[in-house]
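One chain, chain A, links the two complexes that follow: it is found with chain B in the first and with chain C in the second.
And now, the complex of A and B:
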């Protein structure tokens, strides 16, 4: 269960560049729900995702994920929480271009206590799932956009997270690849994962895959 | 200030920077101690949580720089003995003003205090609900006053040294002939102090087996004191191979292969980890065996190194000094 309780997020507080990204937001997402977070650019969608992933803290209010007050977690525990619970798919994929496909996917597992063999097995499993095992040794900078996206998704899922957050996942993809992404969402939804997709891509709107739609405008839920 | 050598200037400058940063940390610590409420979800609490990281970073940097700075301070004291008439080593310079010895003791105490603060900080960071945040910043407020006193004493000492005034050399300072606290120490009989020294070490070894945190910490504290007494009174004469030379500073010089740096490192490290077990006892309510091991290893290294001097001397010469 993800809960936002009266969350306000202000960037550059008390400076000339003060920006109110979220204003007194409250909502909840049940475990296993697939939620569409829609709104124009700059409306606060990415801020919501970063708060759920404990990548940033609110200015006011509280974020609770699976009974854990993530907005109160110290940085080292926030990192641990992300490693165990969150899979994050970024708009620009955020892959390390000079590393190979398998090295990029293995990154979330490196701080864990898993043996080298276990890490290799997990990486191979997700590479098989997303049909990229034949590119295992290739540097990601040499991959196409669609392939890079599959690597990014594989990396987000390699730690078997309960919650998958996708921030504008189809912004850099053509229509066919966007449809492939929807297929991927269907698949992980069946696995019971909680999914939040932030987007302003109409391909997602009115899709029966989503249990709930949250619309945000200028930092406020509509 | 008539003794503004580059080394003195560097020490004063760095300490001034420490003072500025620790002043920031002090004010933020006071704010945290007064306003901290971990359950609050207010902007103030979130801001305090962020600021607690800032203070911890400042304190960590100060500690990590204070360790080499302390060694540099001793090195500077030793170097200044070349320009102060009468001084043969750091002892003469330290004793040139009445602030010298209190400063030296305070510097050592502050190093221990900063180390203990880091331990408390480590414990605090091991739990997601910041259990010792208020305690550690309250502790820092105390350390701040101690650090400020150290910096003031340091300034007064350097300011008070008159390069034209003849000071006593270590041979005079650490002799039974003078009437001072140190000379009364020199007149103590050797045998009981040596027995006490080895008994103290033995008690540490026994308590290491028994694993009683509080007694182990007390034994280490006692071992630190008795080690310095026995070093001045007995072991130093074997390092210098002179029955009248008791200085605890000359052994830092090149003539004695800088052995003092190793000896003090072993002694301070061993007793630091030994006394630190008390923190795990009171705050974590659990025993950290690794600290016991560190303490015993360093204490043992100290005892072996220092004991080798009289033993080797006796083997070579067939007599005790």
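And now, the complex of A and C:
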């Protein structure tokens, strides 16, 4: 279960550029739920995902994931938490352009104690699932937007996370690829993963796939 | 703990920034090469200097008239021998013979058959020479450089010395001398002392100078003082005076090396400064991505450590190996000339091999850890920021 308790996030606090991204937000997401987080650009959607993934810490309030106060985790524990529980699909994919498809997908597993063989098997499995195994040796900078997105999804799922966070996943995709993404969400929902998708793409609105919709505007939940 | 997968990632990362890293590797290797060469040559030449100075006579007495050196009376050696503490005195007949055609100076040394020579090495040569034969058919033993010059000027069997009165003194080449220290022996000609006198036009009761051996090194200064009092018209030089003079020359030339050293160190710290002053936006973003997908700060630093270690240790090994080859196999061409100078008869000087482990360790510890730290610090700074902040 993911819980936000009175979370406020202020960037550049006590400077001229101080920005309040979230104001006293509270909500919860049950395990296995698929949640749509919608709102216009700059409303605070990405900040909520960052806080769940412990990529940043709230200025006030608490973020609790499966009874763990992730907002209080020291940096190294936060990294371990992400490695074990979170699959993050970034808006701009955040792939390493000069690495190949398989190398990009394997990165989250490198610091773990898995054997090379086990890592290779896991990477192959996700590449097969997302039909990119034929591009295994290609550098990702040479892939199309849709292919890059599949690599990003494969990398997010290679460590078999409980929670999948997708930040504006269709922002750089055409309609067909966006529909493919919805298919992917259906698939992983069946696997019982908790999913939170932040978007302002209408293709997701009113979709029965989502159990819950959270709407956010200027840092406040509506 | 060593992580082979992170190590492989580091190698991959170095390859991805291949041109930049290759450039750093080349510059770094070059700097290590320059530093090591400077240290190796200095250590070797210092060793050579020490051995040369150790072989010098305790005291040399020469006669001075109007500020110039003149032949000294040989009977003075008998009187000096009477001074308590003096072990032996040896009048030397030696000098330089200028061979105009080749534009070189030969060092002509007269050897004695039945008396001690001033160097043990010369005694050894004297033992192997048939002096009767040398006198009957005037002959000489020459250094390798002398032989080379004479052969080049068609004197394959003999050489005609021109005596001060203009007459020729034909001397046959009996053999080529190859000493332990080619620095000293390359331009040398050994003859019977009588022939040497003829070539220099030196009288029977005169010598070039007198070498004094002192049993107790602590008494050298006192004996030198006594000789000065006994013969006010002489210049008395002790081994210590020569040592200071040699050291001054060495220190002066070391200054040129010091300049090279400073330039090398300065360039190294320029690289370090460049590294420490920050990462490129691409490198920062990569660290942010790694953190966002579950790498801990220590994983990132470990990976960066491997990268810096691979570059620095490779550069160190390349630099030191090249330097060893440059100094001890190729005899440090160009750089060696700073110390040995230039002359036609420059000996084929072999730099003595001195492997000073402490020097190598000093170079290692002043470069490799500094470079590694310079690479890790900016990565650590970025890795400790919130991943979200770095990716944005």
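In this section, the second predicted complex is superposed on the first by the 222 of 222 C-alpha atoms of A that agree within 3 Å, B and C clash if a C-alpha of one lies under 4 Å from a C-alpha of the other, contacts with A are read in each partner's own complex, and residues count from 1 in each chain.
One rule holds in what follows: a contact is a pair of C-beta atoms (placed from the backbone, for glycine too) under 8 Å apart; a residue touches a chain by one contact, two chains touch by 3 or more.
Since we're looking at a predicted model, the values are computed, not measured.
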**Prompt:** Does the superposition put A:26 against chain B (first), chain C (second), both, or neither?
**Reply:** neither
**Touched partner set for A:90, first chain B, second chain C, both or neither** = second
**Request:** Check the residue A:142 against both partner chains and state whether it touches chain B (first), chain C (second), both, or neither.
**Result:** neither
**Message:** Of the two partners chain B and chain C, which one touches more residues belonging to chain A?
**Reply:** C
**Message:** Per the contact definition in the header, classify A:56: touching chain B only (first), chain C only (second), both, or neither.
**Reply:** second
**Message:** Looking at A:75, would you say it contacts chain B, chain C, both, or neither? Reply first, second, both or neither.
**Reply:** both
**Prompt:** Common interface residues of chain A with chain B and chain C?
**Reply:** 57, 75-76
**Message:** Under the definition above, what is the set of chain C residues touching chain A in their complex?
**Reply:** 3-6, 9, 12, 16, 285-286, 288-299, 384, 386-389, 391
**Request:** Write out the stretch or stretches of chain A touching chain B in their complex.
**Result:** 5-6, 13, 57-62, 71-77
**Item:** Partner chain C, residues of chain A touching it in the complex
**Value:** 50, 53, 55-57, 75-76, 79-80, 82-84, 86, 88, 90, 94-96, 98-99, 103, 107-108, 110-111, 116, 119, 155-156, 159
**Prompt:** Where on chain B is chain A touching in the complex?
**Reply:** 38, 41-43, 46, 49-50, 53, 125, 128-130
